[in-house]
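You will see two complexes here that share subunit A, one where it goes with subunit B and one where it goes with subunit C.
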Partner chain A sequence: MNDELSKFNSLPPKELEALDRAAGWSLSALELAEVQRQFSGMGRQPGRGELETIAQTWSEHCKHKTFSGPVVFRDGKRVRKYKNLFKETIVKATRTLNRKWCLSVFTDNAGIVEFAKSGKWGLAFKAETHNHPCAVEPYGGAETGVGGVIRDILGVGLGAKPVLNTDTFCFGRLDRKYRLPKNALPPERVMRGVVEGVRDYGNRIGIPTAAGGLYFDDGYLLNPLVYVGCAGLIPVDKIEKKVVPGDLIVSIGGRTGRDGIHGATFSSANIDEETSASAVQIGHAVNEKKALDVLMRARDLGLYNAVTDCGAGGFSSAIGELGAETGARVRLEKALLKDTRIEPWEIWVSESQERMILSVPKGKLKKLAAILDSENCEYCVMGEFPGDGRLLVTHGEERVVDLPMAFLHGGVPNFEKPAVKRAVKFNSKAPAAPKAWGRALKALLAHPNICSRHSVITQYDHEVQGGTVGKPLQGKYGDGPGDAAVIWPQAATLDLKDLSGFAVAHGFAPAVGRLDPYQMALHSIDEAVRNLLCSGADISRTAILDNFCAASPRDPRVMGDLVLAAEGCRDAAIAYGAPFISGKDSFYNQSKDADGREYPIPISLLISATAPVEDVRRAVTINFKQAGNPVYLAGASLRGMGGSVYNEISDTGNNAVPALDMKAAVKLYAALAKAMKAGCVAAAHDVSQGGLGVTLAEMAFSGGLGAELDLAPAPRGKGLTSTELLFGESPARLVLEVVKGREREFQGYLKGLPAAEIGRVSGEPRLRVAGLFDEDIAGLKACWRKELI
Partner chain B sequence: MKGPKAIILRGTATNCDIETFNAFKYVGAEPELVHINQLLAGERKVPDYDIMAFPGGFSYGDDISAGKIYAVKMAGLSRDFAKFIKGGRPVIGICNGFQILVKTGFLPENGANAQVSTLYTNDCGHFIAKWTKLKVNKKSPCIFTRGLPDEIELPIAHGEGKFIVEDKKELGAITGRNLHALTYAGNPNGSMLDIAGICSPSGTCLGLMPHPERNFFSWQNPDRPAAAREAEAVGHQFFKNAVDYVS
Partner chain C sequence: MIIEIRTKEKYSGSEEAGFIDRMAHAGLKAKAARLSRLYRVEGDFSREELERLGAGLLADPITEHYSLSQWRPGLKGWRVEIWLKDSVTDVVGESVKGAISDVLGRPPEAVRFGHAYYVACASETRLRHAVARTLVNETVNKFKIEKL
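Moving on to the complex of A and B:
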């Protein structure tokens, strides 16, 4: 390879491409040509370390070229052009809303919103994906995914204290037989590895894993998705960071080794048989806990001016980002190593875990070192930020990188991507009724995308820090499916009198995305907001994160899905008044199976949402509380079975996607929020996968109570069938148990809005829906309570 | 009047230190978070405190076995600890703290401070976090469980919580004196005789796997009506008892 490197600038495109593949940079032809042009201009050949730095800095993972690049979208004859898709959709919604409680958006490692009314705290929130590593090495991939997103929270501003982890996974179906290609892991193994990785890392570091989801679909067979999120509290006067010229570059936490070479560039490649597991890092939670404990103490003493985490690209990205304006002088021989057989350029780009980079004034190093020593946390001083705008990296006498920062962070060439709308044929015929309603409900409850997640949830310590008020498992027996996590961050505020908290919930609807990516985005944001509402949060202050996962963006249909989903995000965020504060995307989630068949994932958008809970004592749970209380269905049920679980177990032939009426939903939720604040609501649960029947069953068996119901008064769209009403998944609906004696007041709040009493909670443990079914709640629960792992 | 001084011992990856600190503060103690390194360096001294707590977590990653490394670190100060624990000042070890007390040989108490029991990997083979019903042994000398109802509910969160002792003699030494202060109503981990927590014969040192600091306030319970109940839940009693005992 050294031979090619010595004549890099004059290599013809074919040889350049071969070199790129051999080195694992994942740079495009256009980018390689730009590098040649730049170095020819400088009158010299690039070194290996420089090319590695450029590959990391320009990688899809670090620069998000696809999403923030130009796109031309075609829907038949209609054409829409975007110069920067991300800015013109996601960012635009946030700019349009311009909420003053958004303290930091899109610029730092996580978004930050105001927390509680004291004015002292901000809430930092971030979600990431770690898909490619988990496909190759599920346990290590999941561990380092969790570790990475926690470091984003530690590295936001001057450091936030993590108080909640979230995780959402997508795997191939466990109940199907697949013919897998060589090297591909079966979904059971991927799932087991991922769950154990999240468990062992999250539990050891002492952050509750209390929100998320599990989703099974053929599309994720070869490309599992692993979304990991973290939320933390930060004092508002610690949000600003600024490297001061003359500051020392201090690396704390883990040592550097050969694990995770090329993780950033690897995320821009399709996974194939040659993919190497050495691209996956090795996690060590205890090292990160040490760094966490040190950072919280040092932050409050003001011992550093800036901090960021070593994530993708390792030192090259972290030091490169911190020194983007000042430049950086790095001496790689100072790095603490866990493997001495490492090349200098490998030290520079290694993604070894649990490392944080601090910018430390010379006069404060001694104090910082004392804290590091007292917590047994290793560190090394690697150089300084000089202020000359130059990146100079050496190893002894060897010059590894010598470039102006402007080159790295400036000219990434970008090119226009074509996008087209997928052709989907819709059918909206009336779906037939099932032979037996009760049996259909039981089949839905047992479906892998609906059944109980307790066997996974109970492996996570979801209550460490003592603040998980809204639990993932709730109700009379502590086993009902909660809609949102409600966190009371007592371990961060240290103030037991302050009863304010926050809720976190998700929305995810890839089955709708296969049919209509625009509606998928709307449904997902609606679901996330509705889940927050069910927990009693103040949804007028909802902030959201977008995490897009898609197949190869070289396929114009995939780009079309992305454009439509991004447009949906923009429209729904504005309609719901919920700004995006951070996000991430992951592409190239596409692989071939043993028969050469392509397995692209469906467009997958995870919406993570958070909103304040004014008084955690008043958080609401899903289970029925009291016999005799009236049960209400709020929100109109619409026609269409598209994307429903029911269609999967018994295809109705109707694949129409119910179009969300966002204005109506926003009005309804605002009224419900008032009724809930007034204390009229004893329980609330959203209608989502499986439809209304599943929602009612879950509320009943989680509370050990039955219900006597009649759906005749349920608000509905024209021509709605009972199948659509009970098993359709039209959005913007929730079921509420109202406190007996307060019906009038409740109705007052909902005057003129689509909501109707559909019956009463009953002491007899049976769920009866007039004319449709009459089932014992124990039987329903038995179908639902499956051991997934 | 100043409250009793409570030392909340921590080390690397002690994770429940802050909520334990908060709990002691709420019941009127003056808690202080102290790293084992500070004790070993002589910056803080064990005899200066009135109450001692070993909080939950994964001290030193649970490497070798849960609580073992912390116990080894304590060995250098074993005299101070023995004097404190056997001298009758209240000591509570929760989850990883219980594991530490067992690995040091302070619980079950014996003359030689030898380890006669262990907390082994749960029968299910992995970590579990869930709420469990517990029976309170009313005949136990334990000072922490005084005044509790016959049955209480607390969450557990551990991978190594199966309490086993060397032989029948040691087991008899526990049951014969009612040192098993808490037992599980439905055994979640395979512990002998469903034991969830044991105390010293004087009742002043308690080790337990469940987390009383996580059911300290009523709103921490998964089964909760929307309207708030009385603020304090059963876990509160454990901490209050310790403070009352020394006040």
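Moving on to the complex of A and C:
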């Protein structure tokens, strides 16, 4: 390779491409040509370390070139052009809403919103994916995904204290037999490894894992999706950070090794048989806990001016980011190493875990060192931020990188990507009724996308820190499916008198995305907000995160899906008044098997949402509470079975997607929020996967109570069939148990809105829906409560 | 030296049933199984010191046994031994290394953590297939199968 590097500037495109492949940079032809142009201008050849730095800094993982680049979208004859898709959709929604309780958005490692009324605290929230590493080594990939997102929270502002982890996974179906390609792990193996990785990291570091979900679809067979999130509390006066010229560069936490080299550039490539095992990172939760404890103490003593985490790209990205304005002078020989058989450029780009970079005033190093020693946390001083805007990295006498920061951070070329709307044929014929309604309901409850997740949830410590009020498993027996986690972060505030909390929930609808990516985004945001509402949160202050995952954006149809989903995000965020505060994207979730066949994932958008809970003692759960209480269905049921689980078990031929009426939904939720705040509602549960039948069954068996119901009064769209009413998944619907004696008050809040009483909670343990079915709740629960792993 | 830790027979039913079920998912019918954890401790330690580690540090004396020689569970079948490859960071091994240093006052050269599975089944080929399918990832693990 040294031969090629010595004549890099004059290499023809084919040889450049071969060199890029051999080095694992994942740079495009356009980017390679720009690098040649820049170095020709400097009158010298680039060094390996410089090319590695450019590859990391310009990677999809670090620069999000696809989402932040120009796009031309074609929908038939109509053409829409975007200069920067991300800014014109996601960021636009946030700018339009301009909420004053958003304290930091899109500028740091996580978004921050105001927390509680004291004005002292901010809530930082971030979610990201670790898909490619988990496809290669599920346990290590999941562990380091969790570790990475926790470090994002530690590295936001001057450091937030993590109080909640979230996890949402997508795998291939476990109940099918596949002939897998040689390079693929079976979905059960992937799932077990991912769950164990999340469990071991979260449990060992002492952060509750209390919100998330599981989704199974053949589209994720070779590319599992692993979304991991973290929320933390930060004092408002610790949000600002600024590197001061002259500050020392101090690395704390783990040592640097050869593990994880090219992780950032790896995420800019499709996985194939040649995927390198060195892209796998190994997590060490105990080391990260030491760094966490040091940071919290040093932050409160004001011992550093800025902090960020070493994530993708390692030192090159972290020090490069912190020194973007000041420049950085780095001496790699000072780095603490796991292994001495490592090249200087490898030290610079290694993604060894559990490392944080601090910008420390010289006069405060001694005090910081004392804290580091007392916590048994290793550290090294690697150089300083000089203030000259230049990145100079050396190893002894060897000059590894010598580049202007302006080129690194502003030099990446971008190009216009074509996007087209996929053609989908819709059919809205009336779906046939099942032969036996009860049997169909049981089949839905046993479906892998609906059944109990207890075999996964119970592996996680969701009680550590003692603040998990709204639990992932709820109800009389502690085994019903919660809609949202409600957290009372007293472990961070240390204020037992302040009962403020926050709720976290998710929305995810890839089955809808296969048919209509725009509606997928709307449904996902609606579901996340509805889940928050069900927990009793103040949804007028909902903040959301977007995590897009897609196949290769080089396919214009994939780009088209992305454009439509992003437009949906913009429209729904504005309609619901819920600004995006952070987000992440992951592309190239597309694999080739040994025969060269492509396996792309469906467009997948995870919406993570948070909203404050004024008094955690008043959080609401899903289970029926009291026999005799009236049961209401709020929200109109609409025609269409598209994207429903019912269509998977019994294809109705109807694939129409019910369109979300956002205006009506917002009005309904505002009224319901008032009714819930007034204490009229004893239980609430959203209608989502499996439809109304599943929602009712879950509320009944979680409470150990039955219900006598008649769906005739249910608000509905014209021509709605019973199948669509009971098993369709039209959005913006909730089932509510209203406290007996307060029906009038409740109805007053909902006057003129689509809500109707559909029956009463019953002491007899049977779920009866007039004219449709009569089932024992124990039998329903037995179908639902199966072991996934 | 390898220190092997196993659950006492009266408490091991559920972990064995879970393992047999996992193997069944991977297409292997196992009649019986026993499981253990392995700690390979490298360093100059006396047998007495290793006994101290087994009894006081690595095993829970209420529910577990330890042994310094390979366990013979009395099954007819195979023993599967799984380790992380030497190039892969072993987090459990590192933590145990620190703990040994605290207990004995000097650190071992290295500690590696692994698992052993004793499986009564008819076919080694099927066992190998099931192990590769469920228990190991050859990107990071190495394993061997021996006849008992």
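Keep this in mind: the second predicted complex is superposed on the first by the 784 of 789 C-alpha atoms of A that agree within 3 Å, B and C clash if a C-alpha of one lies under 4 Å from a C-alpha of the other, contacts with A are read in each partner's own complex, and residues count from 1 in each chain.
Going forward, a contact is a pair of C-beta atoms (placed from the backbone, for glycine too) under 8 Å apart; a residue touches a chain by one contact, two chains touch by 3 or more.
Note that the structure is predicted; figures quoted are calculated from it, not measured.
Under the stated touch criterion, which partner chain does A:A619 make contact with: subunit B (first), subunit C (second), both, or neither?
First partner only, subunit B.
In the overlay, answer first, second, both or neither for which of subunit B and subunit C A:R192 touches.
So A:R192 only meets subunit C here.
Just to be sure I read the superposition right, which of the two partners does A:A673 touch: subunit B = first, subunit C = second, or both, or neither?
The answer is neither, since A:A673 touches no partner chain.
Which of the two partners, first being subunit B and second being subunit C, lies in contact with A:V286: first, second, both, or neither?
So A:V286 meets both subunit B and subunit C here.
For A:D259, using the defined touch cut-off, is the partner it touches subunit B, subunit C, both, or neither? Pick first, second, both or neither.
Second partner only, subunit C.
Applying the document's definition of touch, where does A:L494 land relative to subunit B and subunit C: first, second, both, or neither?
Once the two structures are laid over each other on A, A:L494 reaches subunit B alone.
Which partner does A:A682 contact after superposing on A: first (subunit B), second (subunit C), both, neither?
first
Quick one: classify A:V469 as touching subunit B (first), subunit C (second), both or neither.
first
Tell me which of subunit B and subunit C touches more residues of subunit A.
Looking at subunit A, the partner in contact with more of its residues is B.
Now for A:L248: first (subunit B), second (subunit C), both, or neither, which partner does it touch?
Touch partners of A:L248: none, neither subunit B nor subunit C.
Taking the two structures together, which residues of subunit A meet both subunit B and subunit C?
285-286
Quick one: which bits of subunit B touch subunit A in the complex? Just the residue numbers, please.
Those in contact with subunit A are residues 12-13, 15-16, 18-19, 21-23, 25-26, 35, 37-38, 56-58, 60-63, 126-131, 155, 157, 159, 211, 213-214, 216, 218-220, 222-228.
What part of subunit A is in contact with subunit C in the complex they form?
136-140, 185-186, 188-189, 192-193, 257, 259, 277, 280, 282-286, 338
Hey, which residues of subunit A end up touching subunit B in the complex?
Where subunit A meets subunit B, its residues are 196, 199, 203-206, 285-286, 289-290, 293, 374-376, 457-469, 471, 473-478, 488, 490-491, 494, 496, 536, 616-621, 623, 625, 679, 681-683.
Show me the residue ranges of subunit C that touch subunit A in the complex, using the header's touch definition.
Residues 25, 88-89, 91, 94-95, 133-134, 137, 139-140.
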